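One structure, as structure tokens, below. Some questions next.
Every chain is named by a letter (A, B, C and D) in the order it is written, and numbering of its residues begins at 1.
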Amino acid sequence: MKALVYQGERDVAVREVPDARIEEPTDVLIKVTATSICGSDLHMYEGRTDVEPGTVFGHENLGEVVEVGDAVVRIRAGDRVCIPFNIACGFCRNCDRGLTGSCLTVSPGMDGGAYGYTGMGPYRGGQAELLRVPFGDVNCLKLPEDSIERELDYVMLADIWPTGYHATQLAGLEPGDSIVIYGAGPVGLMAAYSATLLGAANVMVVDRLPDRLALVEKIGATPVDDSAADPVEQVMDLTRGAGADRGCECVGWQAHDPDGTEHPNQTMNRLVGSVRATGGIGVVGVFVPEDPGAPDRLAREGQIAFDLGAFFQKSLHMASGQAHVKRYNRQLRDLIAADRARPSFLVSHQLPLNEAPQAYRHFDDRDRGWTKVVLRP
Amino acid sequence: MKALVYQGERDVAVREVPDARIEEPTDVLIKVTATSICGSDLHMYEGRTDVEPGTVFGHENLGEVVEVGDAVVRIRAGDRVCIPFNIACGFCRNCDRGLTGSCLTVSPGMDGGAYGYTGMGPYRGGQAELLRVPFGDVNCLKLPEDSIERELDYVMLADIWPTGYHATQLAGLEPGDSIVIYGAGPVGLMAAYSATLLGAANVMVVDRLPDRLALVEKIGATPVDDSAADPVEQVMDLTRGAGADRGCECVGWQAHDPDGTEHPNQTMNRLVGSVRATGGIGVVGVFVPEDPGAPDRLAREGQIAFDLGAFFQKSLHMASGQAHVKRYNRQLRDLIAADRARPSFLVSHQLPLNEAPQAYRHFDDRDRGWTKVVLRP
Amino acid sequence: MKALVYQGERDVAVREVPDARIEEPTDVLIKVTATSICGSDLHMYEGRTDVEPGTVFGHENLGEVVEVGDAVVRIRAGDRVCIPFNIACGFCRNCDRGLTGSCLTVSPGMDGGAYGYTGMGPYRGGQAELLRVPFGDVNCLKLPEDSIERELDYVMLADIWPTGYHATQLAGLEPGDSIVIYGAGPVGLMAAYSATLLGAANVMVVDRLPDRLALVEKIGATPVDDSAADPVEQVMDLTRGAGADRGCECVGWQAHDPDGTEHPNQTMNRLVGSVRATGGIGVVGVFVPEDPGAPDRLAREGQIAFDLGAFFQKSLHMASGQAHVKRYNRQLRDLIAADRARPSFLVSHQLPLNEAPQAYRHFDDRDRGWTKVVLRP
Amino acid sequence: MKALVYQGERDVAVREVPDARIEEPTDVLIKVTATSICGSDLHMYEGRTDVEPGTVFGHENLGEVVEVGDAVVRIRAGDRVCIPFNIACGFCRNCDRGLTGSCLTVSPGMDGGAYGYTGMGPYRGGQAELLRVPFGDVNCLKLPEDSIERELDYVMLADIWPTGYHATQLAGLEPGDSIVIYGAGPVGLMAAYSATLLGAANVMVVDRLPDRLALVEKIGATPVDDSAADPVEQVMDLTRGAGADRGCECVGWQAHDPDGTEHPNQTMNRLVGSVRATGGIGVVGVFVPEDPGAPDRLAREGQIAFDLGAFFQKSLHMASGQAHVKRYNRQLRDLIAADRARPSFLVSHQLPLNEAPQAYRHFDDRDRGWTKVVLRP
């Protein structure tokens, strides 16, 4: 089958690889019909991780079931399904509690697993023609029969929408709250979109790229340009000096100022400054336990200089980590099916699989207008 | 009236001061019969804060009502009451949600107020014969008629027990959980005691002072001596390599190694190491937004070098701040009244008010056996 | 001052009564500028209760503060405020927990109090020129300065919107859920409107009056006409046989079939039939502990023949009671202020106070188009 | 293998039946070493259900794994495991949310399944030498290696302890609460025991059998004898007129007065009377959707005459249904392992399998001292 393969720093290619196939009796095999490129794929693409050449990328996958293992009872060939990026067993201590992003089974010795991602287990990605889905009964989200017409919406359920949504839940968002989201990339935009759907009164999104800020405005949120003025002060002004009830970190450790210098603690400390006393912060932007290439001693060891004194004085809380996609994907699917949500507003490009290398290049360069790419194998 | 007055670094004296009296129609005036010295009083005593000479200390107060203002309807002269250390209005946006530790009314411009504490509003403390209680209907917890015999238990409701309890709640403790508590001072011991009452399966407490570790054992928890071996490894061993479900920070920014060198990030990062993926951390040890006298640049600015990379990878959450005493004090009172709890096990000394200066000295020196002092004005 | 006074069954008049005034130091006095007629006023109007002649009705009140008592600190003359229908002290055991609808202070011996309502304490209503608000700091919700232009929206915060919202919360509504609401009167419509704002995927509303069903459709919900077919079967069809995740009772004990025969258990048992296993039911329609005039023996004693067997087999839960308005009114106010909600779509008529008697007559007759009346004293 | 087989009303026998065996790749086969008789087995035993002759009873099972299917990855031969009475798939919409008692997969067309129980699917019970456990990775709770010495404690995890615990959770029990439990059979006693472990201040248990009331006292709860005086008044007295914060129904539809007349609504309405306004009620006593043999018309249709008027006026909530055992059994296991809980205090008899028929007779007769029987195949 054809698949997108990592060959080295900023070098990916579509190549022939052995077909994905049923390996365990609980597996499901799908023909991939939509698979998107994620911002976190770029960490690997840029050579910022230890990903091995030959890896097939792709953890935002949707397709049609072509075969199921002997032990599969819920899913059948012909079902159209969307696959959460986290792989879950459904029966470990964490999965039992709905914490499927930290499954203890699928990547022994680690918490959680994913498709086509370094450090997340031996699972091949879905930027390919076929994908093996382990524990298929657990991991396949069935889509409505007419889903084929709205695959661009449904493929957002694999990662990006649940991840943005998770940010708002980690922050403790309640209806009527104000919320500030740092980062208007795909995750930040999905967090803002979720906040709006959940009844937030005031949704502010901080970024500096004009096309992103325009999208913020388009979904009815308030853009905050941090290249124009201190975003903390802007948030204070927008909330009459109170601060936001909630805040989301959707940037991660590679936060940088407009001239490109990285400040891994920048958004976290701005969030501590932006959120009012007793408020909450949700962190879905990625931070890593070590970053050997970082210019800064703290960053190399996975630390940031964190305003814990202010955090404590304000009695704040924060929660972090990858989204437990299965916690949200049924309900979000139902919002799409009921025509109450259209997350595909985010998608800027649909391309065949063999144009994936160009798509990676444009997306990595943050080329204007390349917000989100969906590949169609 | 007589009161304990701060005169300067490590210098307090019992002196005559003007009587406390009703000032507002919502005030209640109490004759103090029990008032304890808190570890946080020592921050002021040691000159580590900007407290003004002349300040009357004391925020852990219990007594008998002697007079009430015209607008008071629930409390009457003769009632025996315990007073939460946080002063709350009962009607601001935070009090409405039960977040009385962050009352927006009592100390304009700040979040929260307290008796006899620098930076917490203009309220005189209760290490004195009389105490004015603002918003008396809101702030007085009525005690049972026979409470006089168990004042040593009930006075723990003013701060120390709710604070320890709050740590477990911020951490998200649920029955059957394992929990590790850093710090076996009064707050840490109360956190451990609370965890036991709440059905924790495994309560571990880290400290190094032998008399504290003995108390840990006495209440049925597991002492962990961090002067003997790495406490994170000990916690891993005690949990078969899994890590604790929950962790509590009951030490604060003056954490130090056995030779006395301060490491403000020590317990936070040990907690990140000790708690298992998806777990929670409650922070009630005090961290300050600035500490001008600190030896370390980060500490001076209220920052710590925090293991956010590991925190994120483990999908941890943490919550912080002073206890909202009113959230807990009714229920904890009822546990004392029903004879299901005896928090006075913590009290090592009862002394008349005029021996307060000596008590401060012993407590500040961590003299063996001076766990908790209750003054009897 | 002028006020609407109950004179006897279906007989109300606007008369001169003594001015409302400050009686307690915690009181606030307001000049009423908008006050609506509630469906529950009709219970008294119809002589179905033991309300005394001379009672001034009106518990949905909004106005401008004209005077405050000596102990009031947050509210000032000139503030524009909306007043929750429940009167709360802010410091009793229930108010402490946010359960202000069950305040233990304001009506000794009962749980909760209200303005102008029989059995809810001695408080005069606000269908009048002036209203005394007890515990004014606790009970006044401040409105934005420009609120005067949107009083029709803001007056919905006194009762009807929080009550509809409460129904969804009692039912346990979560984003993406399906929900069925029995009753498309003002409360049911507000429940449906709230469900939509909160991200419900599928909102079904059962009624039989064409103008109400038209309003259901107008707010984007699905009308279910129970005079056309069994509503339980219709809900099953609309949910592909699964049943709704949540259900709301917004009818109360006077439920009746199309020919007018009362069946007090009708909606409750239809809800048990309509909601899927593990689902939840919120009950805000009024049920009374005794109804001496009822035709049916059970109803006289406040009982219904309830399908507990089916309820248990489906592992359902249900919660009931008057809304704790203060739990919701700040957030809902902020949604109006941010222009994200316009609950005034419900208001069919604005009338001067002296036209109140006619308004009562039309509203009581369920005259077509008389959905909700706001009086302007 | 030998198994206890139902032959007809009050007629069970130990007979040879075909061995249980692995049928699906996800099955686990266990050799049963402890299996208890449950009060709900008596419903079948007494001929009150439509159970078919030939059925093997037993849903409270513990044993050693002897074989696993090809798709099983977590459980291995030799593991000692306790099996929840509910059978769950782990991947349906309800299991995903932890609602494993309402699994949509294991008994198509119904919500939930169980071993050896009529109307709960085709699964043979465990009062036998061998038991087939479907979806073994999901349904087996691993026990510590030294569990063999405490099997009487661990076998309580299959049903009776989680069910009692569930009652307290459905009621919304929080530390410091008062709680009244109707019924001091095994489930009621386990509810009381759980409440004590969870920090309830005041645990009252209503029954009339002296040996049960003695056990209530033994575990530190307050016995309330409803044959001596109105239990609602007794609860009021014990709570100074306030009522209990929470209540549990652990009796079910066969509630009767001391002379044996059934009143299916008796405990529910007593609970409404006993619980204070804003309180909660948990219902785990079984109510059935139809009871053809009942003397009373309502009861035949699965209805009770329920005090909904009082329930509403008090703003109560209630939740019902079978325990989702997997929600609790890990944590409760850990409490046994840590020696913090000893639920085996309930067990009155250990008997070999072939004495099961006598045990059923004694248990069904409520013979003094026959509290709980564990069979040892």
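In this text, a contact is a pair of C-beta atoms (placed from the backbone, for glycine too) under 8 Å apart; a residue touches a chain by one contact, two chains touch by 3 or more.
Note that the coordinates shown come from a computational prediction; the quantities given were computed from them, not determined experimentally.
Where the sister copies subunit A and subunit B meet, the same residue numbers recur on both sides for over half of the interface positions. Centre-to-centre, using mean CA coordinates, subunit B is 42 Å away from subunit C. Each chain gets one centre point, the mean of its Cα atoms, and the points for subunit A and subunit C are 41 Å apart.
Subunit D has residues 97, 330 in contact with two or more other chains.
The touch graph of the protein chains shown is complete. Of all residues in subunit D, those touching subunit B in their complex are 174-178, 197-199, 201-202, 328, 330-335, 337-338, 340. On the subunit C side of its complex with subunit D, the touching residues are 94, 97, 99, 101-102, 111-112, 170, 253, 264, 268, 277-278, 283, 286-291, 298, 301-322. Listing the residues of subunit B that touch subunit C in their complex gives 24-26, 69-71, 73-74, 89-93, 95-98, 105, 137-138, 326, 330.
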